[in-house]
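Shared chain: chain A. Partners: chain B in the first complex, chain C in the second.
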Partner chain A sequence: MSTQDNSIGARIGTFGREAVQNGWTRERFTLLGLVGLVLIGLGPSFQVYLFTEFMIIALFALAFNLLYGYTGLLSFGHALFFAGGSYGLAIVIRDLQPTIADALGSGVAPLVTFVIGGLVGVLLVVLIAIPVGWLSVRLEEIYFALITLAFGMLGYSLIVQNPAGLTNGTDGVLVLLGFVELGGLEFRLGDRRVYYYLTLTIVLASTYALWRIVNSPFGTICKSIRESPDRAAALGVDVRYHRWMTFILSAVFVGVAGVLIAGLASVASPYHSHWTQSAIAVVATVIGGATFFAGPIVGAFIYLYVRWGISRYPALEAHWEFFFGVMLILVVLYFKQGAVGGLVMLHAWLLEVQTVYERDGAGAAASFVGDSITTKLRNARDVIVARLRSVWNRLRSIGQRGAT
Partner chain B sequence: MTNTIAFIGLSDVIIGLSLGSRLFLIAVGLSLIFGVLGVLNFAHGAFYMIGAYVALAVTNSLIGNFWLAVVIGATAVGVIGVLIEVSTIRPLYGRLEGDLDQLIVTFGFVLIIHEVIRFIWGSQPYSVDAPAALDFSVSVGGGTFTAYRLFVIGAAFVVMLGLWVFITKTYFGALVRGTSSDREMASILGVDVPRLYTGVFFFGSFLAGLGGALAAPLQSVSPALGDQVIIDAFIIVVIGGLGSLSGAFVGAMFVGMMQALGPQFMAAGHIAIPFLAMVLVLLFRPEGLFGGFGE
Partner chain C sequence: MTTVLKTENLRRQFGDLVAVNDVSLELEEDEITSIIGPNGAGKTTFYNLLTGVLEPTSGEIWLQKDGELADITDAPPHEVAQSGLSRSYQISNVFERLTVRENVQVARIAHEGRTLDIRSRAANDEQLNADVDELLELTNLADMAEVTCDELSHGEKRNVEIALALAIEPTVFLLDEPTAGMNPTETKEIVSLIHELNEDIDATFVVTEHDMDVVTDISDRIVVLADGAVLADGDPQAVLSDERVTEAYLGSEAV
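Here is the complex of A and B:
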């Protein structure tokens, strides 16, 4: 055990040294990113809250995309697992906090309750996902979307019905994160900054786990199923079983996001189990780019920050959904790679600009930039004109035939 | 009201029929479009809502005639449907995973239509007056109903019958059925499939608009309407069978009855029953209880 600790320590040391010495390496980027994430926790209180929400939605969408982008199954019922995590935490805190406080003392009780509640939430999600997934993966495409929608709304209607007084109906269950006193350290778990760092840790760990999953042999099989279920089956993959496992894994991480949102919003609300909540994951993932691992993260960022940006203009405030509707349609029709695809293209283009600059100097680079921008705009114009023309022809032909 | 103790009164059945008729008018267009084009139109509930709002606008305008409002509402929604089909759904027909892309694109229109409606009319609920000719009460089975409510039930039956005649007895109905069962063969035999698709999309959207406009006096018209009805419509077409007309009718009546009678014989759970039925049908009879297209 100790050798392993040493080796991890040594690796972190090497990592840090390399990051400082070798210029703009991946390590340095990672380190800078981490420092940036830690610093965000010290920013204005509202920004900390917004970024926490962004991280949670990003995890929600990432886990959703394990099923959509990586396996090709569009679920409209992942809100069920989001709410499962929320209610698991909320009910444990409501019903067990006093017992745990009696057993362990009130100092550590809130923290212990949170951990137990989170585990119960995730366990609850697993218990729901096993049968729901087993049944759902029997269907494909539109039918899969419909059955997950039905399961999600079944969960919603059960939550609203308040079985055995567990879920408190439409009001939801309040989540009160108390004061923690731990070895001289004293903080409120629900404090925005404290909760930010807690969320940051859990989301980073979950993202890393998801990254490992999609890059494992398991993830490769997922992608092969997405490309062609028949061919995967011919190669000996048990497609249905594999989809089932992916479904459960996806649900688990959605559950983790659900636990975190309940703590952030201070309530487990039936709203979180409604199909419109599932739609958030769809919107974020499609706009960000479902074929990229980072797509849902960028999509969630756009979702929350564009919404926040729009909300600063009172005239537009209530109408941010309009913008996402337009984005969704444009991305599906013209640019399936989404925002991350756009960033990748931008990066490639900047590298080209750099090459030209190093070879021929600033003037050539400037004209290269000008040329390629006009070419791109011209292409875009051609696409738009062609589309409008085909729509116009279509409508005109309908009109003509109607007249004859 | 003397029958409050009665287990199921006739008046409850009429309320169920009334809710079911309203739902049928939404679901039938959705089912028709899916049956022929294979497109699950998420925006269908939003189309229904447009129909209701256009009826509201025309009734409250200088024209002020409810029947004209119904015609204008239905036609306007049909035209909007055609514009959407031609501009954004058409490019997706041949695409791999096109089904899911169509679902996502039409969901984009749910968001857009919702916001446009809120932009024009705001978030407050409106009510539309029933036409004066039918604005009187009738006593049936111990309950009192407006004549208009009974009229909408009749209208749903008429639409059902008219569609059945159209699909099974007319030449165009034969073209629609043929294209629905084998698109390529229909195309080889000289059917202008793209035009037929646009036509069916117009007709399906028209029915959604008709439903919205006809049902406007029976409900409060608010921007939440679209989201509420689309889920009911999904339940109905799944239970009845995607593409099945009689299935849409029976499914609509089942959900309508569930909403009207459910609370009486089970205190909890009546909201969940339709979803449970949807799950069971998808698992055991994914083609729906009433099978194929046009039946």
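Here is the complex of A and C:
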């Protein structure tokens, strides 16, 4: 470890040089991205709120995808862990904030309570995920999806039943983030900008952790299980145990997202434990592309911003599920690898255009662009026509069967 | 001679059908044994019993581990693999959407007991990749390390199969029709690879094979299964000239 600590200064130095002096390096993009994220926190209040929500949903979907895209298990019950984090935080704030304030003074109490509440929320999630995961990984495929759905809805009904007065039933538990006085600093923890930077820090750190996980030996084993569980077992991988561990890890990060959403929404609500909340992670991941690490992030972005766009028009808002349905069908039909897959295809296509341009000049490039767009449109039309025709034929055969 | 793998009255029934019928075999270290038999003779079931995929109805399986025979009858597949029994599949079973390098990494990670290692990075791990490179060199895959398996030819996938089976440093190798679907050149390469491996590492080979030229070329010993039972067992020349074997293969009219 000591060599690593010593080199951190040097690494920051190298990063700085790469970012500033060497043209459009990956370091420069990273730096600009970070600056951009910091600047967003200064934008209009509602946009700050929306972007905070996007980051939280992105983390939710990323953690879900550790199990889905990387290990091949489709969970429909991750809302359980989302709500677990929320309620852990909310209950600690409701029941322990006065005690903590008495012990440490009211200045730092809100911050300390938030940290303790967050840790309790994640711990609670681990305690739930251990037995739920252990039982769920005994099943595969659709059965796994169904048992996780069942556990999720079990959690939902428990929360609504208000056991021992803990969860406050359908109303949920209010999350009041107080006023912090620390050193010379004074701020309200629940302030949108303050909360944005808090969320940004935690989400970036969690995303980095997840990225390290999928690129570690552990992650390589996850991918092998997704591809062929039998083969992995024949090489000495304890498939069920590995799935269980992945389930718990995935739940932990979903729990972190759940803690953050409770603070943002100022309430831990049973809504966050409903299966429709699990579906958000599934939809965001499918739209973005489950085979790419960034897929769930892009998917969450599209989900939240399209949702926001629709909400601005009352006529559309009334039927917003319809537009999501159409979007999902388009993605499933044409972009099997999601939006990120589409971007990768677009990038490859632009490189082709560039090659043609450099070889044969602008005229050839233009006609290449024209040709390939026509071909793509024609293919798309053929797909639609074929689908419609098969639906029509089926309807007709049903009609004929009815007639005879 | 040391026995490395032993079955005792191994039996597996599916309802009334006896797929493997009281098979008792002792396999010696360093030997290449071919298991042959007509379709439906029980070869694949026998493999699935040995590797823990199926549980035997009765009987026992023993495998040499740390110098003595250990009972692996009830061990699940991953424990059998960890004990030193490695298999390749008749229909290539590789991790299709992973690169050749990642495929072999999986086997090495499992073998080194690092499946829960979330701190290091697989791509930058020098020891891991040095081992992988060596295996890829051995199986003629060095040029294809970064290619995903779904882009490989049939023959190349067979080589990945062998690299995977080798990577966990087994004491016993089960090869299920290693030359299935290969052209003559590829078949020759696989046969010479098996010879090479048998000389280089002290592993015992068990091979099922349909191609009789391959069988006679590589085998030190041949076991013939018919209707789930051992019909003949011994020296290749003796077994192949056995009348009962010819009969089992060609039917009674040929005799």
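By definition in this document, the second predicted complex is superposed on the first by the 387 of 404 C-alpha atoms of A that agree within 3 Å, B and C clash if a C-alpha of one lies under 4 Å from a C-alpha of the other, contacts with A are read in each partner's own complex, and residues count from 1 in each chain.
Following the convention adopted for this analysis, a contact is a pair of C-beta atoms (placed from the backbone, for glycine too) under 8 Å apart; a residue touches a chain by one contact, two chains touch by 3 or more.
No experiment lies behind these values; they were computed from the predicted model shown.
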Does the chain A-based superposition show chain B and chain C clashing or fitting?
-> fit
So, does A:397 touch the first partner chain B, the second partner chain C, both, or neither?
-> first
How wide is the angle at chain A between chain B and chain C, using CA centres, rounded to the nearest 10°?
-> 80
Is A:276 in contact with chain B, with chain C, with both, or with neither (first, second, both, neither)?
-> first
Scan A:332 for contacts with chain B and chain C and give back first, second, both or neither.
-> first
If you stack the two complexes on chain A, which partner ends up touching A:150: first (chain B), second (chain C), both, or neither?
-> first
Check whether chain B or chain C contacts more residues of chain A in the superposed model.
-> B
Just chain B (first), just chain C (second), both, or neither: which does A:160 touch?
-> first
Contacts of A:135 with chain B and chain C, given as first, second, both or neither = first
Between chain B (first) and chain C (second), which does A:322 come into contact with in this model arrangement: first, second, both, or neither?
-> first
With the two structures placed on a shared chain A, what shortest C-alpha distance in Å links chain B and chain C?
-> 13
Both chain B and chain C touch chain A at residues none
Inside the complex, what are the residues of chain C that reach chain A?
-> 51, 53, 76-78, 81-82, 86-87, 89, 93-98, 102-103, 105-107, 109-111, 114-123, 125, 128, 164, 167-168
Contact residues on chain B for chain A in the complex?
-> 40, 82-83, 86-88, 90-92, 97, 99-101, 103-105, 107-112, 114-116, 118-119, 123, 194-195, 198, 227, 231, 234-235, 238, 268-269, 271-272, 275-276, 278-279, 282-283, 286
Chain B partner contacts - residues on chain A that touch it in the complex = 72, 74, 135, 138-139, 141-143, 145-147, 149-151, 153-154, 157-158, 160-163, 275-276, 279, 282, 286, 318-319, 321-322, 324-329, 332-333, 387, 391, 394-395, 397-398, 401
Tell me, which parts of chain A touch chain C in their complex?
-> 212-213, 215-221, 223-224, 227-228, 230-239, 242, 245, 249, 291
